[in-house]
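Pasting a structure here, questions to come.
By written order: A, B and C. Residues from 1 in each chain.
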């Protein structure tokens, strides 16, 4: 009993037996997630990967309390997801940077701090600190449209981390970027999160990205979404460009790919049986 | 209730609300009008200044002139029909002019650059006041043209209607996506062929809303010019003369106003039909 | 200024300038050569003369009409904005106002001034201001309501993730996103305000505004003065145009780049 209790209170995110059904009872009912169980340890980096429609974004939003589970619980650092959102315990980044085009870069970063009621001086300082962190200190007074897509996403990440949350939730934030910028941003993200010891849940549909970033890759099946496999990446914390060319890396990528394809093949097999 | 049914209901309700508001103000407002800060803001509410709604409608059935034969309804209807035909002519001519100008401007960039500032200015500057001038120009040309005051009104309508059509069509022609253009190039199709087969069809979704504006503009151009020129058979002239009789016969003015409004709505219906025709088989618009 | 920019400037400014000058020259020439009487069409030089000589007359009339247009524009825009924001929560109101907006736009609404004149005293400018206010209100209301309905999905999710109150979301996200729509409405309404103010004068009431003066003088033999008044009206129109654009430029600077939308 004691063991489980300390384990649970230590875990950053606990998803226990979660189901999510949209439009329950109506003709357009969608079973998005079924029986999801996931534990994320503090400081861990988790990737969620799966085919389109597998519910990975839905799962992320359940953790963020932007959606409510139909059944099951989501616990964040011992609190309910709802409480965690009210207490602002996490930061979130989306595929669109969602920057306010009428605010300067630094005022964009200050947004969550404003909402928390911080005074101006403290906000300014923290914004500057975050800009240093994402290596864009000279752009404080610029406007978002003056920055490239990659830079805008860095600002969005800076904003997500502005209040130094212990948990970072990311929904394909690099999806709209080209390959080179993506790889660069992945390295930057690792550096930033390592420095702060942040727990990260990262949704993606790129297999190399999932493997490069994560400690564990959570593989999901198509709708209704289940967790079919969790791949331990085990490449250590010091990753760099060479990591992408290492044999281990390719092995893990293959493992994830086969896990995904395994689902596909299982589906096909099932299809044959049904006939 | 279907979406369409709801929309019709809302239409009717909106006017019911306006009528109710009118009567309400009549009931509670100051009889002689009221002042705020020395400016008379509140209108007089006696029956001469603000007739009851039902009086306005009742007036339709009565003869136009005391002891006369025709009811006002017929008189107003006839005048509105006259103005409607002028507006329709202005709409068609204005649209044709607008499309022609747009094609020229799309073809010859120099022409576009020279003309565009004036087109923009023409919209910020009130052209409609030039009605008397147009008329005197016509009268100067020939005696028979001087008879045709309605033509001046139509010309003004054309002036007002061509602009939205020209701008909309031009934007549509210039928004042709690059890939289909390159395709036509690869077929060695000339500029005019490309215009006919690609640019024009592409521009139709831009043209349709512009036509809606042009329809309303034609109506406004014609009726307001009728007022300023005193065109004999038009609804504008009716409004003017009934307005002068407003002290002795208040609801009469309103009948003419309703006639003008009906004219506008019929034009709007015509344009909507054209819009439907043009936009069939097109992908539904994203709201 | 280097050569490329100079060429660019010339390309933009020269064609309309040349066209305008050609037009004026042709006009002057035609009047002189065909010996057109000044009571039919005056020559441009005569117009300018009248404008300069009777400038005070033109100015006085411009102020009367200009004030009507300006007051109506300001009031109509304010009402349009405030009421659109207040009623945003009640879709019902928007559904009621839209039919009215469509109708007002389709009919020659200005004929209502005839009715309004009846409700007020003869020397009042109020009917005209009310007319302008009504016309402007509907244009601005429709635009602001449209802007409030557009919600950037990512920004809304972001505010939810901040557990922000609806008021905060309105203040920090939805209103700034609505400002460009508001200014589109004002920009459209500005020339409309002037035209309505002008045309309103045709329906009786005091005859000292631009609309009545233009109509009156253009119907008489003194066409040059009539055109001088028209020139005055054109200048007021351009002022409104420039003013509303300048206001937009100052208040909504982030849209300078994104104008192509």
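Keep in mind that, in the parts below, contacts are C-beta pairs under 8 Å (C-beta built on N, C-alpha and C of every residue); 3 or more make two chains touch, one makes a residue touch a chain.
A quick note: this is a predicted structure, and the numbers were derived from the prediction, not measured.
Asker: Starting from the Cα centroid of chain B, hunt down the chain whose centroid lies farthest away.
Answerer: Looking at centroid distances, A is the chain farthest away.
Asker: Which chain is in the middle, if each chain's centre is the mean of its C-alpha atoms?
Answerer: Chain nearest the overall C-alpha centroid, as shown: C.
Asker: Which two chains have the most contacts between them?
Answerer: B-C
Asker: Measuring from the mean C-alpha position of chain A to the mean C-alpha position of chain C, what distance in angstrom results?
Answerer: About 50 Å, centre to centre.
Asker: Could you put a whole-Å number on the gap between the CA centroids of chain B and chain C?
Answerer: Here the centre of chain C sits 17 Å away from the centre of chain B.
Asker: For chain A and chain B, what's the span in angstrom between their mean Cα positions?
Answerer: 56
Asker: For chain C, jot down the residues that touch at least 2 other chains.
Answerer: In chain C, nothing touches at least two other chains.
Asker: Under the definition above, what is the set of chain B residues touching chain C in their complex?
Answerer: On the chain B side, the touching residues are 6-7, 10-11, 13-15, 17-18, 33, 39-41, 43-44, 48-50, 110, 113-118, 121, 123-126, 128-133, 136-137, 140, 215-216, 219-220, 223-224, 227-228, 236, 239-240, 242-244, 246, 250, 253-254, 256-257, 260-261, 263-265, 267-268.
Asker: Spell out the residues on chain C that touch chain A in their complex, using ranges where they run on.
Answerer: So the residues of chain C touching chain A come out as 152, 154-155, 157-158, 160-164, 168, 172-173, 176, 179, 252, 254, 257-258.
Asker: Going by the contact rule at the top, pick out the chain A residues touching chain C in the complex.
Answerer: 64, 66, 85-86, 88, 90, 92, 94-98, 100-102, 111-112, 114-115, 143, 145
Asker: Quick check on the complex: what are the chain C residues that touch chain B?
Answerer: Chain C residues touching chain B: 11-12, 15-16, 18-20, 36, 40-41, 95-100, 102-103, 105-108, 110-112, 114-121, 124, 126, 190-191, 194-195, 198-199, 202-204, 210-211, 214-215, 218-219, 223, 226, 230, 233-234, 237-238, 240-241.
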